[in-house]
Amino acid sequence: MARPSAASIPESSRVSRRQFLGAAAGGAAGLGGILAAGRAPAVAQTKELTFLTIASFVPETDKELKRQLDEWGAKNKVKVRLDIIAHLQLVTKKAAEVQARSGHDLTALGAGLGDADLYFDHLVDLNDVAADVAPKNGGWLNENDYLIRGKWKLLPWWMPPFPMAVRTDLLEQIGEKNPDTWEDWLRIGKKGKAIGHPLGIAIGQTGDANTTLLSILWSYGGSYVGKDGSTITINSKQTRQALDFVKRLYTEAMDPEVVAWDDASNNRCLNAGKCIAIHNPISAYESAKKDKVTIPGKTREIAEVIDHVNTPKGPVDRRTTTGYWCVGIWNFSKNVELAKDFLRYHFQPENQARWVEAGHGFNLPFLANLTKHPVYKSDRQYRFIPEVAKVTVPPSWPGPTTAASQQVLDLYIIPNMFAQHATGKMTADQAVAWAEKEMQEIYAGRRRKT
Amino acid sequence: MNSAPRWLRRSRPVFTLYLPTLPFVLFALFPLYFMFVTSFKTNAELYDVNSVPFWIGRGVTFGHYELLSKDTFFWSWFVNSLLVSVAASAISVVLGVLAAYPLARLKFPGAESFGVAIFITYLVPPSLLFLPLSTVVNRLGLSDSLWALVVTYPTFLVPFCTWLLMGYFRTVPKEIEECAMLDGCNRLQTLIRILLPVAVPGVICAALFAFTLSWNEFLYALVFVSPAELKTLTVGVFSELIRGDIYYWGGLMAGACIGSFPIVIAYVFFLDYYVSGLTAGAVK
Amino acid sequence: MQLKTLNGDVAKVAAGGDRHARALSDILVGDTPVAYTFIAPAFFLLLFLVAYPFALSVWFSLSDARVGDAGGFIGLDNFARLLTSSTFLQTLQNSIVFTALALGLKTVFGMALALLLFRITRFKRLVRGAVLLPFIVPTALSTLVWWWMFEPLYSVVNWTLKALHVVKHDIPWLPDPYLAMFSVILVNTWRGLPFFAITLLAGLVAIPRELYEAAESDGAGPVARFWHVTIPLVKPVLAVVILFSTIFTLADFNIVYVLTKGGPMNMTHLFATYSFALGLQSGQIGQGAAVSLFLFPILLFVVFVQLRVVRKSTTYE
């Protein structure tokens, strides 16, 4: 390799280096200016209210919320900001804001009431707002469900009820009608699978699996935690019955892929024309309508033959759950009263009605009057939604929601238990024992703190 | 020594060289091709199980790109990513050059420990680090601004730049610097006037790498920046195009295509520098 | 051609005579303050933004901290509990399998590709550029494409296999535990292969041709040349690449999170994803930190050893 000595370095490149450095410095200054301009402006005299929420399934819902926020802000001369993130990222954001004790004033919480227990010491009491909001809206659906350690730490905001979405044309083809119980669906699934259209129930590590499998567990009279909120009740005869039922469902009526499904998979299964039925909110139907998806091989739109019927009944009970999306106010916020005021504004009947309208009824509030919203009569396929709402309970039922009960959901203990038995990896006893041990660990960890 | 006919001899490389390379190229490119094609497919065709996935059968649509441009802050995100990546890379390369020089050339107490300490920072995953880091960022008053990212990105960029430049500097013979210093230059002047010009490929390589890593970063950008117009590309695309249980595949692919574009361009221009930078940097 | 160690450089200069030796000692004496000044910016950045949060993380792992709740010191309790958790042990197994297989694939195919790239003369830039693309496309987005490619219903892979009549039903790439691990390893290999290939290529380029010619004239065939010339001389580069890759592969989060979220039934959980699930989603950051830091002592040891090997590396003129 040639070795240039210092003296041989050309004059031109020395000069150009100086120019480069000068240009770099200038560039850095310019860059700094641009970056500074990109920074959120410091709050001066005007008050500012910030709200973090999740990107809702129907984009119009977000737009309506923003409109209400802007309207309220204009009326009260407050600068407002609505920030939207994907729902899977909410958990990261919440943790970071609480850890740093700084962030947004209002925040979406969920999916589940468990956040109120987890962040109990960081949320503002909302007893007054809850009391104000209820009377004009016909009262809350089930007040006691939403209390965490006896207090209103959040307001339950909306839920997507879980009916059974079914292909009516395929139902006709196999000669079935008016399915209502889980046994009915097993039979339908078997017949459907024989003609290439299996049932679609997720039993993987996903929220939908928690919902449906808990529905099945409850419909057989089982549960995972007792009324006191701390006794683990998963080890029971009813659980074993539910386990066996799901095993039959998996082997006789479904395709093996359901073990790895995520929340969107059952939507895709239905809309691709494969699944004969899924346990899902109306999101699948809505997107099929919007994208004008057709039945494979035909020109008819698939949305026309999708119907929603009530969530199924079991030998003991008809009960289901869903994601309880809530809203709360962080107590490190400097605008607590303003935040409360906006909540009162948003929860006024007219605003709630407009907001539900924007979402085509996907986002059902927990207020009695809203279950009678006209949108549920507008589309014949929505007629059962209010019925489903009536039998919807928090996932920790019959116990109150606690951080521990939430963690059981977050770690997908129930779906894993069912999956291990359904796929034959464990016997029913082993699966139950595994789940029981995992839950005891979780509850023990939580108990130590109190 | 080869007695085969000439045409066979001349085309042998095709079989022993280019043909075996083909699977690698296909493997590397296929997902990207797929991404590209999907971004132009209509939704009806995308969600139809019977359609052929390899090409577009039912008409090209620019709808996904339009959705991105009009209904989201996509171009703001693009600019944000660009600003942050350029700034963070610049800072990291400067710090890397400054740190690599003593580590490569000078003997001083603590050299070895510092060298090792740099590597150790990589053992701590960002998925753990971000929580305490968010407290720090907050105390510095940087949250919800792009500065938070410009300041935190160098934490994972500087170590790699330092390592790369260290290796690169070592390949440059010491004598030329020693001559310069005998002529009266101090260390800083030696670094800037003598070493850097020779080390340009290494610097460019480090800068490219830093730019790529910044551009791809997701976690810190999600946690430290909330306002919609200030998001970076990867975060923005995820927030707006994944709603509940619906993935806007067409839009996601369109976003991915545009999102990859600048980096691809940069690499096309600087590929030779990149390879030669690695050449010297990796082989001390 | 001589083989010498880095220290040999100094020895050569020092041996070059009085004038050189004096100059060298002058240079060495004033070095330390200069060195510290140069290193200072990087040092402080890493101190405040890495060392401090890292210390906090270690504290978390030794406490029962929850999000927003500092918690109290509980010693190695978290780690002890992990060792009895079947999910964690599964994660440990997954991580080892994942890293070992991915590294193996990347090394073997990376070397193969590097050899090919080395000999290609036409379309050089095009091929190198094409092969490098997976590495530079943003991971978060490219993993989404892979997910769409494996999603059993719409999977292009399944479509192709069915069209060729190789299989009749959709292959459950992501639902089956073993296939899921395969998929995750495949995507990691896809993404990491360019790094291996290009860096190994750089290593190959540095090998002097005379060595090959000498070996050939000694009668060594291509395989023997590869074994006795190429491999030993590429070893230092290989060592460095494997070191970096081990660290990054073990810490991989994105691929598993997007493709399988750790499932099915926890069979693809890696340290980072399990730590995330445990720490963030349930707020138990003490335990999450313990999972993340579990491998830290081992990795530290690995880094030390590798750096030793690398610093004593041989250089060539």
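Chains: A, B and C, in written order; residue numbering restarts at 1 for each.
The rule we apply is simple: contacts are C-beta pairs under 8 Å (C-beta built on N, C-alpha and C of every residue); 3 or more make two chains touch, one makes a residue touch a chain.
These numbers were taken from a predicted model, which means no experiment stands behind them.
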{"item": "Top-ranked pair of chains - ranking by C-beta pairs in contact", "value": "B-C"}
{"item": "Most distant chain from chain B, judged by the mean position of its C-alpha atoms", "value": "A"}
{"item": "Gap in Å, rounded to a whole number, between the CA centres of chain C and chain B", "value": "15"}
{"item": "Separation of mean Cα positions, chain B and chain A [Å, integer]", "value": "34"}
{"item": "Distance from the mean Cα position of chain C to that of chain A, given in whole angstrom", "value": "35"}
{"item": "Contacts with two or more other chains, residues of chain C listed in rising order", "value": "67, 153-154, 285"}
{"item": "Multi-chain contact sites of chain A, meaning residues that touch two or more partners", "value": "92, 95, 99, 101, 262, 268, 272, 274"}
{"item": "Where chain B touches two or more other chains at once, by residue number", "value": "47, 49, 131-132, 135, 175, 238"}
{"item": "Touch list for chain C against partner chain B, complex", "value": "6, 9, 13, 23-24, 27-28, 31-32, 34-36, 38-39, 41-43, 45-46, 48-50, 52-54, 56-57, 60, 67, 109, 112-113, 116-117, 119-120, 125, 127-142, 144-146, 148-149, 153-154, 156, 159, 190, 193-194, 198-199, 201-203, 205-206, 236-237, 240-241, 247-248, 251, 253-254, 271-272, 275-276, 279, 285, 288-289, 292-293, 296, 299-300, 303-304, 307, 310, 313, 315"}
{"item": "Chain A-touching residues of chain C, taken from the complex the two chains share", "value": "64, 66-69, 81, 85-87, 151-154, 169-170, 172, 174-176, 180, 260-266, 277-278, 280-285"}
{"item": "Residue ranges of chain B touching chain A (in the complex, touch as defined)", "value": "43-44, 47-50, 71, 80, 83, 86-87, 90, 130-132, 134-135, 137-138, 143-147, 150, 173, 175-176, 179-180, 183, 185, 192-194, 196-198, 219, 222-224, 226-228, 230, 235, 238-240, 242-247"}
{"item": "Interfacial residue positions of chain A with respect to chain B in the complex", "value": "1, 3-7, 9, 13-14, 17, 21, 24, 28, 31, 34-36, 38-40, 50, 52, 54-59, 81, 83-89, 92-93, 95-97, 99-104, 160, 208, 262-264, 267-268, 271-274, 280, 283, 287, 291-294, 296-297"}
{"item": "In the complex, chain A residues that touch chain C", "value": "91-92, 94-95, 98-99, 101, 118-119, 121-122, 204-206, 255-262, 265, 268-269, 272, 274, 403, 406-407, 410-412, 416, 419-420, 423, 425, 434, 438, 441-442, 445, 448-449"}
